[in-house]
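Below are structures written as structure tokens.
Both of the next two complexes hold chain A, though its partner changes from chain B to chain C.
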Partner chain A sequence: MTKLRNRALSRSIFVSLTPAAVLFTLFFVYPIVTLAWSSFTIWDLRRLEFAGIENYVRMFGDRAFLMGVRNTAIWVGVATLLHVPLGVYIAVTLSKKFVGWRVFRTLFFLPNVISVAAWSMMYRSVFNERYGMLNALLELVGLDQLTANWLAQTNTALFAIILSWFFNIGFYMIITMAEIASIPHELYEAADIDGATERQKDRFITYPILRKIVGTCMVLAVSISLVGFEYVFLMTEGGPANQTMTLPLYVYRMYRIPQYGYSNTIGLFTLLFGFAGLLLIHRGFRMHEVDV
Partner chain B sequence: MSERRTNAALFSADTAFRTVPRVLVIALTTVFTVLPLIWLVLSSFKTNTQIVTESLTLPNPWNFQGYRDAMQMANLHISFLNTIIVSLSSTALTMIVAILSAYPTARFDFTGNRMVTAIFTIGIFVPLTALTVPIVILIRTLGLYDTKTGLILTYTALFFPITFVVYRGFFLSIPRDLESAAQIDGAGYFTTLVKIVLPISVPAFATVIVLVFIRTWNEFYYAFLLTGSPQHRTVQMSIRFFTSAFDFNFPGLFASLFLVMIVPIILYVVFQEKVVSGLTAGATKY
Partner chain C sequence: MTDMRKTRRCAPMVRALLMSLVLMLSIAAILPAGGQAQAADGVVDLEMTTFWVGTNPLRPWKEILIEEFERQYEGVYRLNVIEIPGDAQHADRVLANAAAGNAPDITTGNVGLMQDLRDTGLMLELTQYLDADPEWRDSFHPNAFDYYYTADGELYALPYSRDNVGIYYNTRLFAEAGIDEFPRTWDGFFAASQQLVDNGTIPFAMDNGWIFGLMMINMIGTQPGGAEWLQTRNYEQRWTGSRPAIAGAELLRDYIQAGYTQRGAMADGYPQAATLFLQGDAAMIANGPWMINSIRGIGAEAMDGLYDEVNYDISPGSGIISIFGEAAFASGASTEETAEGAVAFLKLATSREQMINQMLIVTRPGTVPVELNEEEAAQIDRLLVAIEDRAPGATYAYPHFQLAFPQAVWEEFTNFLPAFIEGSISTTEFFNALDDRLESYLR
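Entry: the complex of A and B
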């Protein structure tokens, strides 16, 4: 870093930072501050008045909200504990560079360039009872008894929504493969000399080195899960009977009513929920520690 | 050498116990990511009746009515133009703001540097849907509701933190000798930035352009919240058209879905590595 020498330079740096500071204040600082104070108000089109902790009391007795918390927790849980490990497993597999691995790498990343909205609309059709691909495929292979009205039945709707993104592991696959590629070859060569099997090399060399990158993937999975509005909104709108409600959708629904104060309370909850998850992962994977 | 050995291990000695789950996982992932896309494209060339009655066949005959409907009824060409304008403008603005702020934090030891950097970086993790009410009110207050300007400004802000992190990482990685030389020659801060730093930042430019362009092209939520009228609609909005207005026009729906997806897919096919590194840029930088 260069130490500051003169006033002209200080002024230039200040000017240089101003656009970002203004934008960030308007779109991040001001909104978060607004969430915080307005969570203690009743705020709609007619009034804006102080209401103490009324929103918070209401929140914990609100079945739709609690359903949103439950589903968002399931969503984050599946994303971090199953979806990310799947991506890492595929990355380790493709890193063996068997014939055709590039094709799979290309295909598996493809969903990441497609909008979540279009992907959701596509899967909404895939799960359709009458003309959907899933039921047609099940009938084709003789599993007629498994066909369902996937998005309309309370016992399958949430499962179907999660299934629509569960195999989109491209992002985690790419960053994990980059990490694997950077592992020094000497480690594997030394293991070969010691007569290690392929499996032992994965178990004792590859996976331990991937600890931090798995943590990174999980952090990303939490943030992505908390903005997954389109999946639910476009496939089920939270139905049937709020069975697929999530926190982002509930923030939106309360904004639409409109109950700004209550919507902001849930928004603040979502924000804190997310940061708590990130902190937990950061600690759990000892991401602040340097590997020796 | 080591590559050949690992190949052999995957398919032979290490037993089916290891190979079978691998093949299964790869196959399942392929089925759930690729098959729906193929089905979607084939369905977009069918008629309504054929979609309902013959879900898994090839279109017979190939029917282009869905694409005609998508272009005419949903006015997709206007949405395309809007999206291109919004995406390009947001990309340019985000880059300017991010370069101007990332450069000093990567280069100069000024008071508050660490704090500014930390705060901008945390922005990446803010779940943006949580900020719904304040951002809508902000855009309404600025008089920018249902305008492209409002959307451009919002996207510039929303994609700023990740762009900042990417540029900061890049500036930290390039040597500073040239800049020092320029400063000794008496060049000021902005002259150095524009004449010395920007020309050697071209690799980062490509990464960031891809990152912001594809993300803004695909953004749904704030486009949905902040625009309403057809003349400002982006492509992501128009895919809802066929489910709301004409619930039974499946070819129209599938065709518009395909048209919305195809632009980033073409970019991906043509510039594969650039797109991959662009979209994953900054992901491991904090």
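Entry: the complex of A and C
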């Protein structure tokens, strides 16, 4: 009887897993395998030849690629070390539910429902040297010497793009607020009885409970910033002089030349780069541990 | 025991994965290798891709071409036109499909796309069809195919355009600044620009790309040895160490640094630059004859009366960007029927009638020289006539950037240009970046 039940269970697992397994193999395993083997080839429109580690040697001597690594690391760093903590801080603050907190929640989250393309175009206007809002503001307050061609100058382009991306904090804020809402109220009541201040309640109750959701936000921040392509593509296309180049954009640029093999080498590197980052967060936030 | 349990638990998953692989292979086996060219009704289907859509100036001509082809070959060929807005997006998609072994029966694009398509080995070699029809072959201008012949004399694309790219200038703004005629030397060009600035006018509308590239080519091409350097074939020229290239690039950098373009030009695209000229805010812009329609307010917002104020001339330094076949048609037809259909389309597109249509609609001469009768000549736009009249008198003639260099170098050019202009990288560093990209392209 048990044997029969096990067989039925196995069959149902098999049936329910098959569609997912097909899709997983087709759209995940196959592309990654292709990415991996083609990274060892010279693959363009003329040929597809095995080239050993030639692409890898080229990659580490390629200044544009190294700039891409630097900038991608900065993007990931800004997202994880600035956006997530700020998002969490704002979430904790808004969770106090002071008068008008809903307005602030909407204001912070609203930019996340605007398309990246529209957002980028808007910021292209903001940073325009001739008619941009930022220069107009600086001129208005008498800081003319600070005006710049923000997206075309080597010393301001990366800063300008990072600034335009700032409102991503609303995304982490909303995730964190959902988690805060699920914290049992009794914990705060007990703290009140013990005479805990608001800051103490945040420090000893809220933040420790948020550890895992912060880790999740970090994971999302890494993956979003690693695949983040549109902002840079639409605003600077990686220029000037590769100052805003990122790994996904460089993958695309090499694909367009077209050097598919080299493009896939950088793609594989990006994949491993992201994997390393996620592993670090997983360990750092002890996400595998079960809270007691 | 534990191992056995694990094995049993894993068995469904392993089977599921194996099953998925079998399914994938089955799907791959069932899928047809290519499309059917001949439909059940006996009409041969031809797939055509194009970016001549929306506000593209070539769209009206495309519509006439398609209409005429369908009229002439009704019941024989059927055109399935795939419209992909944006030339870059069109090129990406056509190349990606070609890399996967699926090239369109008819496509169009610039010389860069044509070269990339040729490299796929899927495109139709056209000399056999031209030789089979000597009248058609001999109808083309003798230099028409220069940029398309391979070293072995093979031809994989058929150019249809011939452009003299000059500089448009606003005669009213020139007169208001006290400038009597378009400058003939670069010193005169700088002096006139200063007069325009003094009069509160933006002398030259530029963008970070196309227009800038045209002016840099003009400034290089009019240096001693510059035209020859730009005409070097097979991408054998290098930027580093090239005297005309250094002189031309630095001349243009000085021009921008002197403030003779709009503020923030390095972050502007072509539309912003063109708008400045079309609205009468900038006195000059470099572009091909296809901009004439925009100046007339067709497909673009132009200031009332602008067309009457504009004139068109060759570059200071007596140079002209003269291009045979900046753009071409090509065919990836894979069967005899579709190849014949594609060639029929190419013959139609390069016929005398269509060359005149191109001249009238796109204000662009073709690769087939045509003698115009009085009535036809009267319809040709005066600005096109102006540049066609002045171009033969230019001392230097040279191709533009995209003919002289591959797309990869052009992208690196626009990438490094703002840093070069602001002075944060030297001419040598700028040129090294361009040469590095060229080397990596040729690798």
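By our rule, the second predicted complex is superposed on the first by the 266 of 292 C-alpha atoms of A that agree within 3 Å, B and C clash if a C-alpha of one lies under 4 Å from a C-alpha of the other, contacts with A are read in each partner's own complex, and residues count from 1 in each chain.
Basically, contacts are C-beta pairs under 8 Å (C-beta built on N, C-alpha and C of every residue); 3 or more make two chains touch, one makes a residue touch a chain.
Everything quoted here is computed from the prediction, not taken from an experiment.
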Let me test your reading of the model: by the given contact rule, A:171 touches which partner, first (chain B), second (chain C), both or neither? first
Could you tell me if A:130 is touching chain B, chain C, both of them or neither one (first, second, both, neither)? both
I'd like to know which partner A:13 touches here: chain B for first, chain C for second, both or neither. both
Of the two partners chain B and chain C, indicate the one touching more residues belonging to chain A. B
Could you look at A:85 and tell me whether it touches chain B, chain C, both or neither (first, second, both, neither)? neither
Going by the contact rule set out at the top, does A:112 touch chain B (first), chain C (second), both, or neither? first
For A:27, using the defined touch cut-off, is the partner it touches chain B, chain C, both, or neither? Pick first, second, both or neither. first
Chain A residues where the chain B and chain C footprints coincide 10, 13, 17, 20-21, 24, 26, 30, 130, 132, 260
Chain A residues within the chain B interface of the complex: 1-4, 8-10, 12-13, 16-17, 19-21, 23-24, 26-28, 30-32, 34-35, 38, 86, 89-90, 93, 96-99, 104, 106-118, 121-123, 125-126, 130-133, 135-137, 140, 163, 166-169, 171, 174-175, 178-179, 185, 188-189, 192, 197-199, 213, 216, 219-220, 223, 226-227, 229-230, 234, 247-248, 251-252, 255, 260, 263-264, 266-268, 270-271, 274-275, 278
Write out the stretch or stretches of chain A touching chain C in their complex. 6, 10-11, 13-14, 17-18, 20-22, 24-26, 30, 42, 44-46, 58, 124, 127-130, 132, 149-155, 237-243, 253, 256-260
Once bound in the complex, which stretches of chain B touch chain A? 2-3, 5-7, 9-11, 14, 18, 22, 25-26, 28-30, 32-37, 39-40, 43, 51-52, 55-56, 96-98, 100-101, 103-105, 107-110, 113, 116, 119-120, 123-138, 153-154, 156-158, 160-161, 164, 176, 188-190, 193, 214, 217-221, 236, 239-240, 243, 250, 253-254, 257, 260-261, 264-265, 267-268, 272, 275-276, 279-280, 283-284
Can you name the residues of chain C that touch chain A in the complex? 8, 11-13, 15-17, 19-21, 23-24, 92, 95, 98-99, 116-117, 119-121, 208, 262-264, 266-268, 407-408, 411, 414-419, 422, 424-425, 433, 440-441, 443
